[in-house]
């Protein structure tokens, strides 16, 4: 490698947390440098932000169209090699689509689109573009999640028989009980946020995670959502029953009114031979439960971990890495793809994950609206 | 008090764990002495067991009928004052009924009966008998569960908005995957065990617990049970969606195939103002979560606990009490009732709890069999 | 066994926590019945307490001398078979001595005596009496402590190379900072409490525990105690360096001013092959650490545990037992000894443990007073 | 800010973990760019490493002297603004000295020097140079450590009365028991590693931490070190008694033979009013213990945290940051100093911390060698 991958960014300016997350993640493995982008719809703010983060302003563009035309005008070796799309949700689809159509590799925040239909269109676009596309289900980059996936794939817990995933937050609690606040929160406005709040924002993470770690596909869902107030049209809590196959079942629980919870995302997979448990807030512990055996606690960086897990750990055991490192691993995977290096297909979530996520959101809402009935989510 | 309460026991002989649990619990507060009973259908074994536990054999009876007639022949002050029914499930109802009809106070193991219909009959019998009746939902005796109940009742978490209860065990896993074993396990035989295995055995504990701590009544259930094998007719895993009122929802998850889990019973109640969490395997910790505040960890024996909680703690903070102590608190409550002392209605579960439990089992199975539909469990 | 062992109790009346602990413990395995004793120096209160706990008053004696003469006048098979000494510390020695001299088996609370000299005298008395003597280092009865001991004995962690034990409480904190309170607390009065507060009360537990689990003997100690105020003559905090042999060292930390701590007693033993850790406030978890391996978490009641550990567990895994059960196991061991049943020498602490404890207290104080120098504690 | 701070690095090439730690840390807040340095004594390897991490090779120098002369020849605004010294321990002193003498700001890994004498010389050099100097006691950058410091400074736990710090690792265990390995490990070679292994490497972290969080200075130390084998001259385990003032004591425990431990660094500070506890392996939890109150668990990113703590957290609560973020906060502090922005003096450890650390190492070894006696560590 003779220089860093040139990364452009759309959105993520100012105090944007997602902006920080992506910039830090991109720096984790000495693989990327941020060369420009459109941080903000206001060009002036975009320029100021570039100065604030100490990057040259010459590739800070007025808008996406200018970015595309001017970058394409650059010699191949100077051009942005991948663009991260960190804009508000409803812009993910049009921006990603245009980028793919113009031959750019894309790292897209989730939810990938606002509808399943858009997702299917984007899939077609990608097929024609022959570029690289990643959707940032951040949590799949954690070393112990990768370990979990590899252990299940290797049959260490036997056939999966029960899946239980929880994603509990409490942040919307102080908003939802205040009629004024709930009327003025963009997350609760379907125009801005899509058809779902809770399922769309965090339920999808949970859904993606269980398909990621188990390697199984959910076949049917039955959802019971909660809105708490009559004047609120967006779900802020929801339990979804899952069917993988006739005798493999699961339950996905997501909430934004689990008062006092921060980001309590927890995954439990039970197989015929053993169970595995993991919690996002203590991401460096993976619990292995076997009938009649002492529970084992796996941690990152040990020789007993899989290659995929070890590739996502930078320091020796006992030096806790966190969520930036998890996203950093996703960026590392994309970098390998861009560089045509060997990489494991599980190093970053792809279009397929994005599509499954959109399908899940729509079917969960459909199930609820039809009176909590089973709805298929196979295509 | 001039002497201990005279306790008779039906069942619980030999290595019976439930027998140990009740005998130890009865001794916790210097309130009871075991004076006799029918420990085993074989009279000889009953007598031997009496010797093994060092009690006189003169009140070890051949069967329940002899117990009743001979005890009633004794002077009032010598008679057994309460009988604990620890026999196999299908005997709970006929034995308890006969005891109540003959004026004995009864402590009955759960499930109280094998059907809801029996439960309603027993309720009638109790009304006519004017005796004391307790059903041993053991876990409600834990000091931090009592604390949880009192805090919710006092409004400390505000209006309850979400309920999540889990009861995961793995013990049936090595049985269910062995066709011979699963054909020969009494828990999987509806003749011996009633219409449900998992919901009946542990789902009811979970159900009782949430009604206990929240003071709310579940209105409707929608259950999805799992049987894993076609030749197995008893549920060994089940998720039940719960509706308390239009905007208060919950989920109850129970499993006996959560491989490697021991007795992972966990309760989470989220209210408008705060959340409370508790786990049975570490029963002396109660977690209070409030928006934007440090989580607080309450423990037994502190002055900040409610009177009901403190009454169930014997030693100072940091001296862990356990499940025997929890059951001991239930026995203590019954002792107060027998002695006509003041007691808190939450000191022991009653007929109403037993009836709710049977209703829940039948309606959960009904919901599942009808295709996972909502079924009312109000009467 | 045809009847329960007849247990007499000295002290432990009224609200005495130690009284509750011993009574409940004695009942744990259907092995004992409390038949009388001297609960209180005031005979009237003793009688009232007997009534309160529902036992006959005919064997409630005025004092120890009456107990001895009257019990000895009873036929052998009716006589108290063992006496528990739960009186204030300074009475342990004279009472235990008199009981041994009169042929009674004794269960003695710790500290066994107030001086090492007394302890040596008591040892002689015991040798001559041919009775059974136990000293209640309560915590050694925990199943996972027994497991720890057996694993170390079996070489599972290899040669012990480092020992770290902590016993932190905070209860004296609100007393010590109030000059009036600290002047009027019996624990801080050497007349009533012996030469040491913290080392004497909890340091000894820690000391006994490490000799118990490792099977090693401490050779030398170097102590640094803390008194906080000039007008306080009793240690309330102390760190003691330990030498087992030239290259095996350890540290014992005890405190009663570890503000906010409850009963935080923790043991860590590191060997050439592995380490073991345990914490009293969560006594059902034993952590096994091996180089490069996932940590394993052992719990009670599993087939992988030693016979000694399993003998101290009553219920299946996941049903937490606690401190009453730990003391109950000590009582069970004594019962076996009384009944001439086979028992493991580690089932209850003996005279030797009591002597070592007294030796430790005196040598730790001596080391501190001499300016924190090494003092031998071999005899 | 119009561009990033130009950072040069000495050492840290190849697979160096410390190199990764510093590079990632420098990128955390968009404040630095690595522009060159001397990654390796072999110039060729240095150049290759530059290519591997995608930075230009034009400022990769043959050695430190070339770096100094050539950088000084550059226009002020292009010159390296700070140099991180990540070379083997014995090179820290000469390199840092030369850099300071030539007017460069320095970020120096710990131990700052190999002797206290060198440290004092370096202090003088710094005084004359008027540059910025930081020593990277990594762990002081954790948000909850900053919070701990600020709470103690604000009097929230009252006067400190007891300090307990532990730093346990097990990595040397498989080395020390193999005579060949222990003869060939540089850490155990005083020529390469200084007079101490365990105290020097991790004991100093523990020492710095307690002076950092309490704001107190240790006055005297009494150390008992362990070498395990006669042919090993370097301590691999050691307990150090600490005196802050007559009635404020502490204990520092460090070990590299705590078999199976990873990086178990734990700090407990008890004051007259409350106690605070923290563990490095779960760095986002700070435990506040108060007499008779529920324990409180503080986490990063909440409004209740101090400004200094909040400044070191990038994401909302529940998104775990880790050790890179901790070091990133130190780099951020240095960046503010370089940019002449306001900063809190606790944002990065300074020369004084480095000197205290060297003093501690020498005095601990001296105490041990003199037979475990008290040695003053005030100057």
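We call the chains A, B, C and D, going by the order they appear; numbering starts again at 1 in every chain.
Following the convention adopted for this analysis, a contact is a pair of C-beta atoms (placed from the backbone, for glycine too) under 8 Å apart; a residue touches a chain by one contact, two chains touch by 3 or more.
Remember, it's a predicted structure, so these values are computed and weren't measured experimentally.
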Winner on C-beta contact pairs when B-C is weighed against A-C: B-C
Farthest chain relative to chain C (centres taken as mean CA coordinates): A
Where chain A and chain C are represented by their mean Cα positions, the distance between them in whole Å: 55
Intercentroid distance (Cα basis), chain C paired with chain B, Å: 35
Where chain B touches two or more other chains, by residue: 261, 288, 293, 295, 299
Residue numbers on chain B that touch chain C, as the complex places them: 1-5, 17, 20-21, 23-24, 27-28, 30-31, 33, 51-56, 169, 171, 261-264, 280-284, 299, 314-325
List of chain D residues in touch with chain C within their complex: 157, 161-162, 164, 170, 173-174, 177, 222, 224, 226-229, 237, 239, 241, 247, 249, 251, 253, 255, 257-261, 268, 270-275, 288-293, 295, 372, 374
List of chain B residues in touch with chain D within their complex: 288, 292-299, 302-304
